[in-house]
Each structure stands twice: as structure tokens, then as C-alpha cells.
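Following are the structures in question.
Here come two complexes built around chain A, the first alongside chain B, the second alongside chain C.
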Partner chain A sequence: MEGATLFNTVFLTALFSSGVRQSVPLIFGSVGDCVSEKSGVMGISLEGEMLFGAFFSYFFALQSGSLWFGVLMGAAAGMVSSMLVAAWSVWLRQDQSIIGIMFNIFAAGFTNFLNRMIFGTSNANISIETFQPIPLPLLSKIPVVGEIFFHQNILTYLAVLLAVLTFLVMRKMKLGLQIAAVGENPKAAQACGISVYRYRILCYLFCGCMAGIAGASLTLGTVGTFTEAISAGRGFICLAIVILARWNPLIAVAAGFGFGSIQALQIRLQVQGSALPYQFFVALPYLITVLVLVLAGHNIRAPRELGVPFERESR
Partner chain B sequence: MKKLLAMLLALVLALGMLSGCGDGKTTSDEGTDKKNEAGSDAGGSDEGGQDTDASKDADTEAGGEGRNSVSKIAVLLPGSITDESWNQTAYEGLQQIETMGDFQTNYTENVGSNDMEAVFRSYCEEGYDFVIGHGAQYGDACCRVAEDYPDVNFFITGNAPEDIPAEELPGNIMFADYRECEGAYVCGVVAALMTKSNKVGYVGGGNNTTQQSDKNAFIEGVASVSSDIEVKTVITGTFDDSALGKETAIAMIEDGVDVILQTCDHTGLGVLEACSEKGVYCLGYTTDQSGLVKEGLCLTSMLIDIPFMISSQIDLIKAGGYGGQSFPGLHDGVVSMSGYSSEVPAEVQQQVDEVVEKIKSGELVITPNYSEN
Partner chain C sequence: MKSIQKLLILLLSVAAAMLIGSLLILASGANPLEAYYYMVIRPLTSVNSLGEVSMYFTPLLLVGIGVSFAFHARLSNLGGEGQILFGALGMTLMGISPVGDVLGIFSLPVGCLLGILFGILWAAIAGFLRVRFKTSEIVVTLMLNYIAQQIISYLVFFPLRSGAEPQSEKIACALPKLSSSSRINWGVVVALLLTVAYGVIMKKTRFGFRLRTLGGSEKAAVYSGVPVGRYYFAAMAISGAFCGLAGAMQISGNTMRLMEGVAGDFGFSGIVVAMLGSLHPVGLVIASLFMAVLSAGSVTMQVKTGIPTSFTSVLEALIVLFILLGMALSSRRGKHRKGGKA
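Now for the complex of A and B:
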């Protein structure tokens, strides 16, 4: 179990492969949040929308027998539930943090309630086949790297694809510029004829949709069933990833992968056995996130009007 | 207009929260109603009547005259009755008691440390003659209250407070320091006998005495079979994250582990999922979990029967002289092993059964070991 045997190719392949798997919900969530934060709305309620997505994707996949239909309904559930938050925080101009926290508590309780109402207390019996890994032709043949990145389930590829598309829209298209304008200086944007409310609400719905898919990736991509509070804080990690990635969807992919890999590493270090208390390992991913934020976060600049409700008639 | 709408929405949500709280059966208002009720049928005429026929076989202690009958039972719970685990099992125990005869039952959810004593006292004042504190954390408060109500029986589902010497514990409290670790030890034996790679795994949820004693007993059980078998342990730090549970189990399996015990509720479901997917043996926890994995992979499950532990107290009270400390485990049926899967060969079953018998007969004593590492 010494270092020499520990960090061999087999170990590293398994480690990073697990890192990729664990990063999928984080990538969906943080890419969605990148967009909504760019427009000035914080995605505090990501956690709750993830839960809605997780529950409904599982429910509909089970009913219809189709995983894709499940993912679709998960995305829809995330989006519909985010409407509530969007209406509240954009249209009614309430404090986004408070709405977000309230929504998360509501989502946790409500999905538990639905789960018990529909499946009773022991739904664990009802598990479905999850998305299986699909090796990409040619790419998966590359030694080590192929096994890590190109031997994953379809949601993983979808996550990266959506991240790239989002990046292109945000950086290369007029739409992205308009979204950024809404988040930086909504008054100026409005003066140019951009509807701030509409942009913010649509961006937030996109975020909710992504959070819903993130939830679906937990139930349909990993576990195969819905367990209560399955999101387990991933929504909040996404918020940290977005800051770390400086609102850049591509860096968010890398940051999500980093977090997932550290999580995979801490499990493996525990498996190898250590005299350190387990709390150290459990805290490790979060500790490193904070450290990276402190070390690399000196010149991070958030969208100027992030979290500030916009009043159309204000001066 | 918009502000009005916002306020209305907020009001609706707030009302929802209130009605959620109202689901709990006992509130302080209800408590006062109960008090009046208790006052009207007080005097204990029926209690006295039961007393005479029960005293035939009872060796009543001094000050414990009315203690071998039960009519009103109350439970103090640390959480909510729908948690699918600790609190729910106590509630089920209470329901079992209701089916056993004409009892009046009541419970209070979410009793935290600062109002334990008050809730104990109010139940005693209301004429409840059997009051249960569900968890070792209720021990201290119960000891303080019990001396003032010598005619009331108390039951704590946990070990006695460590700072009070056994002989100074009030005589009308029963502490049930139940031995989950006996089941974990047997699981260790099963795992050790079934492993081919000589690597077995344990996935725990967090930091409490039960979890720690489970882990240590599992390691002990494995070691009792062979000292060559490595036990890999991971504590996930969460009971809710099934996805993390699955990744944990995968990491173990990739390391060569071929039998895994998990004791971490929802996180454990992810562990079972990984075992099912990779075709690796696992051991179930609290309920028979063989249905959650592919046929035969769940070798056996350790069952913990909290409802029985609680409902069985009624007979003990009726037998008289209730109180003291008990250590229910395999012997008492509070901990038991489910049936074996078809993958377990007959000779292994026999060996494991022998271990179970030894623990039951007291030939083999598993002492809970609460150390963390």
C-alpha cells in the first residue's frame, strides 16, 4: 500500500474515472448557474431544484420505462420549480438569498412528501437500470485518457456539450453579451431596449432546467432510485464552483472535475487505511475548495448587479 | 399590488409550515386537555384493582407499590416519526403496544435537551405511568425526574449515564443498552468466511457510539476467523448521499473488496446498488435488504427490532420489579440475523449459526468498543 504501488496507472484511471462520474451533476448545476448569475440572479435554490429534478426524473422514467423521457421530465420539473423562485426574486424583487433558502427547505420537505405518498416508506425496492457507459469510438481507445473521459455514460458527454454550447453563446453571440449587460448594468440594458425582467427570468429558468438534469443524473445516471435528500449539498458546491470558475462554463467543467476527483481521492485514501480521523477525509474536498478560493480568488469580480433586484421604474 | 401578492404568498407558505407542525400529535394545549382528563379519573381505583391481582407473583420493592401495572404510556422522541429509522421504529413500537391491550398512548416529537426534563415531568403529572425516553441522551433528565415519581416506570432506549454509578441509578428506570454490535460481529464472521480476495469492506455513516461499535465489532468478527483478512473502512460522513455511497463501494470493489457491510441508511442504499451492479456480496442492515440487490448477493442482514424492544417492556413491567439495566441483543431477539442467501454454503451457515448460538448463550461476549480508530 505504499506510494509506489498506490499511484499506478490502474489506480489513477479508476480515481479520475470516478472523479468524472461524480462531477456530472456539478457540471450541469454550475453551467446553469453561470448563466443565471451572469444575468444577475443567484442560484441559491439550485439544491432544491436538483431535488425536484431527481424525484421527477426517477418517477417518470419508472412510469414510462424510458430514461430519456425521465431526463426530459426532470429538466421540466427543475424548470417549473425554478419559475416560483424566478417570479419571486425577479418580478417581485424579494431578497434572492432568503427566497433561495426558503425554497430549498420547501423542496426537501415536498420531495420527501411526494416520495412517501407515491412509493411509501420503502421505495428502495423499486430501482431502475441506469444509463450505462458508452465508449466513444476511437477516442476511448486512447490509453488511460480514453478510459477516464471517453468511457462514461451519455449524460457526461451531454454535460460537456452543453457547457461548450453555453460558453459559445455567452462569449461569442449577441445574446451572451445582452445577458451580461443585464447583470452588469440593467438600467443601461433597459435603455437599449432589453427587457431586464424577461432576460433574468429566462436565464433563471435555464438554470433550473440544468439543475433538473443534474438531479436526473443522480437518480438515472448513478443510483437508479430516489432517496430522500439525494442532492446532499451538491447545489451549494455548484455555487462555489461558479465563483471559482469566474462565471466561465468551461472552467466550471474543469472545477467540477477537480472537486469530483478530490472526492474520489478522499474515499480511496480512506480505503487504503490511515491513522487520520475520517472527518479529515470527509472535509478534504470542501477544505480544498475553500483554499483554492482564497488563493486564486484575489481578483474575482462578480457581475456588478448580482443579487440586486432590478426595479423598472427606479432612477 | 405586487407587494400584496408577495405577502399573500409568504403567508400561504408560513401557514403551510404551521400546519406541518400541527401534525405532531402532542402540543402543549393538548397536554392541558389530557391533564383534566387525568384529573377526572384520578384516584387510581382501577390501578389499585390491577395491583391486587398482579401482586400475586410480583416481588414489589419498597416505594414501587403501583409499579406493576400500565395504562398510560408516553414516548419522548428526539426527531420526527417519519424518519424511516430511529424515531419511526419507536413509533411503531408504540403502535404495537396499542394492539396489545387497552392502553392510552401519547408521544412528543423533537424533544431537545433543554426541554427533556419538563416533558418528562408534565407526562408524570398527567398520570402517565410508563414514560419512555427514546435514546441514551434522555438518561440524565430521566434520572433527575424519576426520583420524584417513584410510582412511574421509565424506560431509556440506550445506555445509562456513565457519570452515575450503577447502584445510584433510580430503581424505577430500565436502561436498554442494546447490542447492535453483536449483529455486526456476526456479519464480520460471515464476510470473513465468504471472501475470496481476503479483503472485506465496511461503510459507515458517521460519528456516534453505535456506528463506532458496529465498525469495531465487524473488524473483530473478521479477525476471529482469520488474521489474514484485511478490513477496509470508509466513513462517508453522511446518511443521505446515496450517490456518494455508490462511489465509495465502487472504490472498495476496485481495490479488491468482495464483501461489504454498510450501516448508513440512505448512503447505504448506494452501496447496495454498487454491489448489485458489480456482482459483489453485501450484508444488509436493520431490515432484510436482500430484495434491494441481485438475487443471492445479500448474504444475510442484521435485523434490529426496536418496536419489539419497546413493546416487550410491558410484560416486564407486569412481571414486577421493573428497572435496572438490560443489554438486549441476539439473545433477546432485539438483534437477529435474517435468512441466508443461496450463495452461502451449508458449512458456512453452520459455522455462523454456531457463533450466533455462542453469543446467545453468553459463551461469547461482544463488548461494545466505542473507540474511533
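Now for the complex of A and C:
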């Protein structure tokens, strides 16, 4: 009996510890999307920006031998590529879902193209040493909880730190209020002298930067290499997390951990073998995303002008 | 916007995308002219390769029409892939079942109908959730793609598997060929006839008129008595029907077996077709033809120049982004001119 309970604690600790690792890209992505959606721009292209971040962080980390330089370039790649989306959806006022999806096609094709041209098809999987876990002093000594939450790599801590900072800026500072005003009532915001375009574009660039780090956390934090379509729908799962979290970055951390744990469970059940076919487990996170959208998606107060282009000259 | 102006924007967008594409080709050390020759000209030079083009043309056109129906109601059906997979499943189930033997030559049309039905069912999930719970059809259709992939993967790995490869048995009912010297089949004719039907529905029927009203403004639609929920649902379902048919024809006219990846990139390329063809029946046909040539040609290009086929997705996406740019800039100019007059 005692053996069984021990196994369970060990199993659960390993499961949730892996859940935290899986949640890192989701937290970066959804915190970024919280901000851009607050300002009124949907992050449908998160998926593609993640791919850009994943590829360029891996490429530059491999070339320079520095993981941090990789993360930096991943963030830059996410941000630069998001300029395209920001220009098209804010400045040109085009349909955000079409731009988002076209950008994702572009990102998938372009990173795939670069990957093939640079690394070829045969030796595509050159692995690099990923970020190693850093046990936090004292906190990591707490039984079970310490092992799960405070024995992680630096990107995990960075994700939570950025989420807290974002929360503080959005809730406690004037800047956060101004961003919310741009998303709720852009005309009134403009009348108060806030440049709606500038706020929306900058918020979107922040989102792209976060998505780039999310991609970097995939290649440099867990996988150690770039594979085609490595983001595997995580960008879209972030959109569901943001709705579930009601545009609150702190709740997004918790929701991201939830989705990360489902992902970790899925991988474990797949490896362990079970009566159910493994495809069921692969499909599980996507299925749960739909369920979350349906169950948590109503009675919500989304930013009023979310997804609606703003015309500066309109009266 | 004047249609000549629109046409100009479309052509310029294609040209601009190809220009940027040629920079990419140059950067990868190949000759752009050579690469584009294999991609755009070569597929048109032999009967055999034209047959290959038709293999891309039919599903692109069908998915393009499907996506257009949704766009008219201002819905984004990004779930083409899942709906194609389900349509392919419908056709396969008919093609490998003993019922197919009983039905004889009718098993092909019945299989197509089953594929359409399956496509409708898969799209209807998103339509229902949108109407009943106001759930964004964008995220739901995307998620349904991933789920459909896994369902098909499960089916071909386990219950439907035949032999060592993860694929179903060969189906008994093939689409009849149009000519003996290439792979072109009657699917092309059906797709073209359905394009005419699409044009008639959108321009001549009450349904089409109301759908366009709904797409123009939901408020206007409500005030003019359109049952908005039912129309959203119908637009999604019809969209799924066309994608399902594309899937059914993909099985009966191309692969003959259900397998993973049978939907190719058609789900998303169909969106490019709808944009490039600007939802117009003739435009859709030309856009599908162009995209089919690119897709067929990119395979040869990869073999001859080493440029991966994923280059086509880059080109496709750039084309649409340039179209959006052109539309935005010209409507802005138009507005200024109007403002000046008043």
C-alpha cells in the first residue's frame, strides 16, 4: 500500500513538474495576448510569431553558443514579424482573422523553408543543451510543491515575473488604463489625446515579443531543436486561455498551468500505454480548448472594440 | 470599387509576391527564373502535367467556393482541413463497405453525398457553437482541424487499416477519367458546374441576397427580417458541404485510400483562392487554376532546384497580404476623392 502511495506522489510530482514546463510557452503567449486584446487587437497570429521565435532562437543559439542570445533573437523575431500584422490590422484596418491566418501560413512556410535551406532534410535535428533547472533557495526545499514549482528553468520564473509585472501595469498604472480605454472606447480615448494607432501597434508588438519568447521557450527550454510546425496550435490555445482568464494576466498563469498539465498528462498517458488509442490523448488539449471556449466563453465582458478596426478620421 | 481597379490590384499583388519570392530564391542560391519556370510554366507544357494540375484544381475550387459562402456571411471557416478529412472518411466508408457492392455504379454518387454529409456535420459543430453560445468560429474551426487529424489517424492506424502502411483498403468506386492520357477526371466538370450553381445562388436567389445582407451588416439583416442564427448556421454548413465533397473527390479521384494528410494544404489554400478570386465565380476558377499550377509546379521545382515546396505557402500568404494592402490603399484614396467633391 505504502509503495502505491509513494508511486502516486512521485508520479504526480513528475506530472505537474512537467506540466509547469509545458505551460511556459502558453503563459508567455497568453500574457502577451492579454495586453494586445485589451487594446483591441486579436492575437490570431500568435501561432506564427511563436514559430518565428522558435526558429530564430534555435538558429542564433546554435550559431553563437549562447542560449540568452537565442532568447533575445527569438523575442526580436517575434516582434519584427508582428510588425507586419500590426501594420495590416491597425494601420490598414483589414480583417484581423484573415490577416492572422495568412500570417500563420506565411510563418509556417517561411520557417519550414529556412529550416530546409539551412539545415537540410537529413540532419535537421542538431540538438542543443537547453536551459537547466535552477532550484530556488529555500522554496525548492518545500516537499512536493518545491519540486513542482521551484525546481524549474529560468524561463519559467521569467514567465511568471513578466505576468506579475504585466498585471501591475494593466491594473495599477495609468498606462494600463489608457490601453484599456483604447480597447473599450477608442473614440473617447482619441478625444483625450491618446493616439489609438500608436497604442494598438505598440501593444501588438509587445504581444509579438512575448510570442517570440514563447517560441524560444519551446526550442531552448524543452525540446532543444527546431522541428517544423513545432508550435502545434499552442498559439490558438493561448487565445482560449485569455478568454478563460478574462484578460487577467495572473489568472492566465493559472490557466496556462492547467493546460500545461493536460499536455503533460497527455504525453505520459501516451508513453505509458493504455486501453485508449494514443490519438485520443493527442487530441485532448484541443478538445478541452473547445469545451473551455463554450463553457467559459459566455457571460464575459470582452474589450468592447476587440477585433474592430479603428478609423482615425471617423466622427 | 471598380472591377478594373480590383483586377489591377490582384495582378499587382501576384507580381509583388513573386518579386519578393524571387529574392528568397536568390538568397538560397538558385536562379529565380529557372525556379519560376518549373513552378509556373512547366506544368502547362504537357497533357500529363496538366492532369496533375487538375488534381489540385478540383479540391482548391471546391474548398474556395465553400470558404466563399462563409465569407459572404462574414464568417471565417478556417476548418477546411477537418471538413475535407471527414468528407474523405465518408467516401472511404462507402468505398470499402459491402454496401458499395450492392449499390454498384451508384456507390460513387452515394459516397460523394456521404462525404458531403460528413463535411456538413463537422462544420455544423462550429456553426452550432457560434449561433448557440457565440463561440468564436475562428478558434473552434481551427481546433476541430487538429481533432479531425487525430480521428483520421486513429482510424487508419487501427480499425480501417489494411496491410503494413497506416491506410485504408483501396476503395471500389473511382471517379471516371476524362481522358486516357492523363489523370484528369470528371471531378473537374462537377466542380465547374458547382461554381455556376454558386454564382446563381449568390446573385439570383433570396438566400444569396440575404446572406450578403448579413455579411454587409448584421443589424440591417435583423431589421429586414433575416433569421440571422439560421443563416449563420446555413453558411457554415454549406461551407462544410463543399469541403466534404472536396474530401470525397480527393479519395475517389486521387489517392483511392484514406490516409493521414489526405487533406494536404487545401483547407488554408482554399482561403487564398477565395481572396484571390474575390468571391466571384469566374475569379474563383482562375484563382484555383493559378494556385493549382503553383502547387503542381512546386513539386518539380523542389526536385530540380532544391527549393522546398513550402515556398508556395510563403508565396500564397504574400499574395493575400498584398491584396489586402491594395484594397486598403485604394479605398482610402477613393474616400479622399469623395471627401474632396463634397
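Just so it is clear, the second predicted complex is superposed on the first by the 287 of 315 C-alpha atoms of A that agree within 3 Å, B and C clash if a C-alpha of one lies under 4 Å from a C-alpha of the other, contacts with A are read in each partner's own complex, and residues count from 1 in each chain.
Basically, a residue touches a chain if its C-beta (ideal position, glycine included) is under 8 Å from a C-beta of that chain, and two chains touch if they have at least 3 such contacts.
Source: prediction; values computed, not measured.
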Contacts of A:I267 with chain B and chain C, given as first, second, both or neither: first
First, second, both or neither for A:L218, with chain B first and chain C second: first
Chain B versus chain C as contact partner of A:L175, first or second or both or neither: neither
Which superposed partner A:A275 touches (first chain B, second chain C, both, neither): first
A:L161 touches, of chain B and chain C: first, second, both or neither? neither
Partner chain in contact with A:I98 - chain B first, chain C second, else both or neither: second
Partner chain in contact with A:C192 - chain B first, chain C second, else both or neither: neither
Partner chain in contact with A:A14 - chain B first, chain C second, else both or neither: first
Which of chain B and chain C A:G297 touches, first, second, both or neither: second
Residues of chain A that lie at the interface with chain B and also at the interface with chain C: 88, 92-94, 102, 106, 109, 112, 116, 232, 277, 279, 282
Chain B partner contacts - residues on chain A that touch it in the complex: 14, 18, 21-22, 25, 88, 91-94, 102, 106, 109, 112, 116, 121-122, 124-125, 127, 218, 222-225, 227-230, 232, 263-264, 267-268, 270-273, 275, 277-279, 282
List of chain A residues in touch with chain C within their complex: 44, 84, 88, 92-95, 97-99, 101-103, 105-106, 108-110, 112-113, 116-117, 232-233, 236, 239-240, 277, 279-280, 282-283, 286-287, 289-290, 293-294, 297-298
Chain A partner contacts - residues on chain B that touch it in the complex: 2-3, 5-6, 9, 13, 20, 82, 84, 88, 201, 207, 232-238, 240-244, 246-248, 250-252, 254-255, 257, 266, 269-270, 272-273, 291-292, 372-373
Residues of chain C defined as touching chain A within the complex: 24, 28, 76, 78, 129, 133-136, 138-140, 142-144, 146-147, 150-151, 153-154, 157-158, 268, 271-272, 275, 307-308, 310-314, 316-318, 320-321, 324-325, 327-329
